[in-house]
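Each in structure tokens, the structures are laid out below.
You will see two complexes here that share subunit A, one where it goes with subunit B and one where it goes with subunit C.
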Partner chain A sequence: MRSMSFENQQRLLIGLRYALLILIAMIFIFPIVFMVVSSLKPDMQLLRDSGSLRAFLPVGDISLDNYADAFERVPMLQFFFNSVFTTVVSVAVALWLNSMAAFSFAFLQWRGKALVLSLIIATFIVPFEVIAIPLLMVVNNLPWLGSEGIEIGWLNSYHVQIIPFIADSLGIFLFYQYFRDLPDELVEAARIDGASIWQIYTRIIMPIAGPILATVAILKFLGMWNAYIWPLMTIRSEELRPIMVGLQYFFQLNTAWGEIMAYLSVVTIPVLLFYLALQRAFIESIATSGIKG
Partner chain B sequence: MTTAAEARQKAPLWVRWLLPKDAPLYQRNDAVIGWLMAAPALVILTVFLIIPFFMAFFWSFTNQRLISPNPTEWVGLRNFGRLLNVQVFNLEPERDTAGHIVYDDGAIAYPRLRNFTRNNPDYPHLDGLREFTSWQSGENRTVILVGDVVFLRALINTLIFAAVIAPLQGGLALLLALLLNQALPFINVFRSVYFAPVVVSMVVVALLWRFIYDGQNGLLNTILGMLSFGSFQPVDWLGNPYTALPAMIAMSAWQAVGFHMVIWLAGLQTIPASLYEAAGLDGAGAWQKFRYVTWPGLRNTAVLVLIVITIQAMGLFVQVDVMTRGGPLDATQSVVFQAVQRGYDKQDIAEGSAISVLLFIIVFVIAMVQRYITRERE
Partner chain C sequence: MKKYLSVVLFVVLLLSMSGIAKAQTELSLWYHGAGNETERSILLGIIDDFNMAQSDYTVVLEEFPQESYNSSIVAAALAGDLPDIIDVDGPVMPGWAWSGYMQPLNLSEGALDDFLPGAIGEWHGEVYSVGLWDAAVSVYARRSVLEAHDIRIPTLDEPWSGDEFDAILEQLQASGDYEYALDLGMAWTGEWYPYAFSPFLQSFGGDMIDRSTYLTAEGMLNGEAGVAFGEWWQSLFERGLAPGTSQDGADRETGFIDGKYALQWNGNWAGINTLEAVGDDLLFLPAPDFGSGSTIGAASWQFGISSSSMNPEGANAFIEHAIQDEYLAAFSDGIGLIPATAGAAAMSEHYSEGGALEVYFGLSEAQALVRPVTPGYATVALVFEKALADIANGADVQDTLDAAVDEIDQDIEDNMGYGFGDM
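Let's look at the complex of A and B:
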């Protein structure tokens, strides 16, 4: 037997490596492909196709009927709006409050700052699941100025889905880390020029905070869009329900798989498109959040 | 001439409070504005994170309910006592008047457990307990009696879930990272594909995988059937108490493995290429390079990855809520699912808080272990 030349051996290895990479990619991508493809098929065909590889191919009787039916069965547009509204407001306010606090920690001197900062870092190890139940009790006893004067209890509202999340310790910390590494001269030069602190924050620091703004925004966006446990506990009425909790309508509905797949696609495709457009930023921001500890 | 200290003494109270001791008086505006800029975020964190956190401890010692006409009472450690009460009890066989063991259909007959656990003044420590499990030991039956069968089941399931998924997901993530840590064309495309499930909501993933795991039309059964040329018997993966938790573990690992792959990749990139070159000159093979260059450089990353997965695993909830609601036969009950069931569904804030506190203690211990391991190395 003639032994392979070194070059051919290398080529074979690289070929094998790609084969393995593609095989693994299929494991990650096929369930998602299956979801989108199935959303286009009638239930009967969907079930029949799941017995073969046709499950992953958009073949047969393809239509958008499932989408129409799903939209008819549940107030999906309302759910979608609720999710978009709570997410957009939370992301916008969180960027503002977190960056403002971090600016203060990084550039201004006040007493107790070090203590407060270490307290914020200490809260990293408290998972949301630990405080969910006591938080439910807290919001149930908070006052709110409603249309009929002061009401007690925040359950069943937009603000209960937004306000607890408009500041978070990870967001503050990520901004703080970024600001701390900026050159001090930036701020000092502006001060000598007579800029006020507010001007330094809005005109000097925020305009160069792009990368970290993206990171915090992406993390907040994913957290809010995918929110489940909290709205599940606090929202009873349909008009206020976010899109993930709206999925509950389909939990017991084992017959309408096509509609379920349509709903899942509607929920997921915006996020995936977002992700495709900003892959690097998504991956980097999530990696940053993992390395915080 | 006034010194800085004297000037400070004369300054108004708020200046003395807010200004750092060693800061000159003219910076007092900084101190006030700095405090004001941090205040909104700090108020939110205090009200919605710190207060609930401490209230969880307080409520776990009471009988607090979400809405109750009765005043809250202090009950001490009763909630914890019930959740964690475990007693071993030896059940002796039934004997006739002559002292012989009574047999029933060839099996040893035992008195009923409830004779001991319901208002029996001789066994006050067993009052209200229920059987968790039991086994034969000689002529006796050893019975494990617990205060809260479902919670203990949930705790054990969650610990198993965490103990299995941490090495599994961490290990797979490392393999993927090693596979991707090469300057080959299109490598970033693969990285993006492997990472994609991370951005998909767990609610969506869990619902989608219910179809994959389905006993009749499930894709997994189809694929296993094809790979085994039809000899594979279909399994109702989520309906079988033996496969439900493993199925949940596999799905969770599929969803999140990309996350930890990225963290491993970041760790791999901190290892200087010169180390590999030196090892190559010394004649090291691929495995030796991994064993003596890569792995030592990844130690802290390894600890971080394992701890992060473990802490996330302790919060197991969405998968249970969407896929099984704790069933079949409590095989997938989880600690957080129980906390929500009691705190929200039954509006029993006290018990939900007690479970939350126990969860926090577990997470805290895990985090401290991480601190300890990584500190020693520095």
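Let's look at the complex of A and C:
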């Protein structure tokens, strides 16, 4: 029997590698395919198909009825706007403030810097559930300048969904780690040229911080887009609820599975688009700094 | 001049009317039904009628999704931001009353005389909540299947005995026509377990807790009757008569309709959908009697008043307005649940004489037993669920029930008796 030629061996290896990669990709893609396909089926068919390969195929009684029903059941556009608004504002302000904090830790000299940084990093181990109730008490007693003058309490507002989540220890740490690895010569040269701290931050550091900005933006986006517990605790009015709370509208005595899949399909689209838009920078950030999201 | 005078008088009249309007006190009402358009429209109708019928109060509705409603109430209580009127799930009410979230109702004498027992929420001898409907469970069966196997159709007065029920399950399983003889709904975790399965335990003579003191589960959950129930429960799965904890949720929804299961233990809320699929062949049968009578769970969502309400008179007036038969019947027609009074049942589509779900009113009236009326129920329910799942999966019955009793008793002790006795 003749042994395989080198070229054939290479082809076989490439084939195996592709097969493995396709298999891994399918593991990640199949839940999304299931979600989208199920969103087109009536409840009973969806449940019956779920135990077979038909669950991944748009077969049987296919329609967009679930989407129409989901939009009817839930004020989806309002929820969508609320989530987009709170997420966009949070991400934008968080990128700005957290990067400035990290810049201070990385490039400025001030007393107690190491201790403060350690304290910030230490908050990683405190899950949100632990601070949720104390945070509720705090925001319930904070003043806010509203339409009727100064009011006490932030509950039931947009700002209660945004402000507590702007300062983010993970974001500060990621920025700090990235800034720390930049060559000192960059900052030194700017200083020698007479640049102010603000100029160094805005004109030297931030223009080359694209990958880490993308990484922090994606992580922050996901956290805000998926916000659930905090809005449950703080939001009373339907017109201020974010989109993830809206998912609960479908769990009635007889759960509307098809509508849930339709709603989830709509909810997932912005996440996918946002990730795809920043994918290149995100991967670059992981490749260059070893940061894992 | 006369013209100007009349304009001035008109403006003064308008201003005074707006003054009257402003004098109306706003009553906030939180409700768990967000996403259910039928419930929303009926409730809004009730609110509109109330707001129009009197001039002292205006009720304003805020809806929350059911799955997260309790979390929102607890958070609001912590923030001191509870509304005037809340709705509360029956078994949760004692916990909220004990925690100081609620105050007793003050309804007119006789207002609740005709109500099903499960629709009235009592805590320490006082009524804290009242429901517009109740829910019930029954055995779903096909008449044709029972007749084909020569099985007696049980009645409310003469339900299947425990032995008879067991023999029927064996017979149906042995026929080979079904994957399982009985679908208990093991795929539905959470509150379904204590709500749907504790009645079997009670019918054996046990209970999840000793209701005479509410200070221990010793002897009730792990006594002779409790162990007999546990052994029967375990045998259902060992003999392959019912799917266990690994049951697929989709099978729970479609298995009986598709003929995979011969019988199904299910609630009245699934009745209409199942009727549409199965037709007139469908029967709703009473729970079997294992020796201490047939029982089923009771108590659904009810209205109550928060302890922080500054307007309990208005809140009581609204609740009394909402529990009129016409509204009870409207809710029943809309969402399929059991109207809380016989008068409303007679007015309803499904529960009036000859209605498709008529039998459930009788079941609810005759067999309903509310879940333990204690703030500790939250723990009892969780422990009971875990114990039943463990036993179904083969754990030693006596050991599992003893451990469950220890856990329940420890929780009662940790909370100084939840307001019962001197602990």
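Note that in this section the second predicted complex is superposed on the first by the 226 of 293 C-alpha atoms of A that agree within 3 Å, B and C clash if a C-alpha of one lies under 4 Å from a C-alpha of the other, contacts with A are read in each partner's own complex, and residues count from 1 in each chain.
Note that in this section a residue touches a chain if its C-beta (ideal position, glycine included) is under 8 Å from a C-beta of that chain, and two chains touch if they have at least 3 such contacts.
Everything numeric in this text was worked out from a predicted model, so none of it was measured.
> Looking at A:Gln199, would you say it contacts subunit B, subunit C, both, or neither? Reply first, second, both or neither.
Neither partner.
> For A:Ala167 in the superposed arrangement: first (subunit B), second (subunit C), both or neither?
A:Ala167: touches subunit B, not subunit C.
> Between subunit B (first) and subunit C (second), which, if any, makes contact with A:Met44: first, second, both or neither?
A:Met44 contacts subunit C only, not subunit B.
> Could you say whether A:Arg73 touches subunit B, subunit C, both of them, or neither, answering first, second, both or neither?
In the superposition, A:Arg73 touches subunit C alone.
> Figure out whether A:Glu238 sits in contact with subunit B (first) or subunit C (second), or with both, or with neither.
After superposing on A, A:Glu238 lies in contact with subunit C but is clear of subunit B.
> When the two structures are laid over each other on chain A, which of subunit B and subunit C touches more residues of subunit A?
Between subunit B and subunit C, B touches the greater number of residues in subunit A.
> Could you say whether A:Phe250 touches subunit B, subunit C, both of them, or neither, answering first, second, both or neither?
both
> Mind working out whether A:Met137 is in touch with subunit B, subunit C, both or neither, as first, second, both or neither?
both
> On subunit A, which stretch or stretches are contacted by subunit B in one complex as well as by subunit C in the other?
Touching subunit B in the first complex and subunit C in the second, residues 47, 50-51, 133, 136-137, 140, 229, 232-233, 250-251 of subunit A appear in both lists.
> Spell out the residues on subunit A that touch subunit C in their complex, using ranges where they run on.
Where subunit A meets subunit C, its residues are 43-44, 47-48, 50-51, 72-74, 133, 136-137, 140, 153, 155, 229, 232-234, 236-238, 245-246, 248-254.
> Applying the document's contact rule, which stretches of subunit C touch subunit A when the two form their complex?
30, 34-37, 62-63, 65-68, 71-72, 75-76, 78-81, 248-251, 253-254, 257-258, 267, 269-270, 273, 335
> Could you list, by residue number, the parts of subunit A that touch subunit B in their complex?
14, 17-18, 20-21, 24-25, 27-29, 31-32, 34-35, 38, 47, 50-52, 55, 97-98, 100-101, 103-105, 108-111, 113, 116, 119-120, 123, 125-140, 142, 163-169, 172, 197-198, 201, 222, 225-226, 228-229, 232-233, 244, 247, 250-251, 257, 260-261, 264, 267-268, 271-272, 274-276, 279, 282-283, 286-287, 290-291, 293
> Which subunit B residues qualify as touching subunit A in the complex?
Interface residues on the subunit B side: 17-21, 23, 27, 29-35, 37-38, 40-42, 44-45, 47-53, 55-56, 59, 64, 66-67, 176, 179-180, 182, 184, 188, 190-205, 207-209, 211-212, 217-219, 222, 254, 258-260, 262-263, 265-266, 304, 307-308, 311-312, 314-315, 317-318, 321-322, 336, 339-340, 343-344, 349, 352-353, 355-357, 359-360, 363-364, 367, 370.
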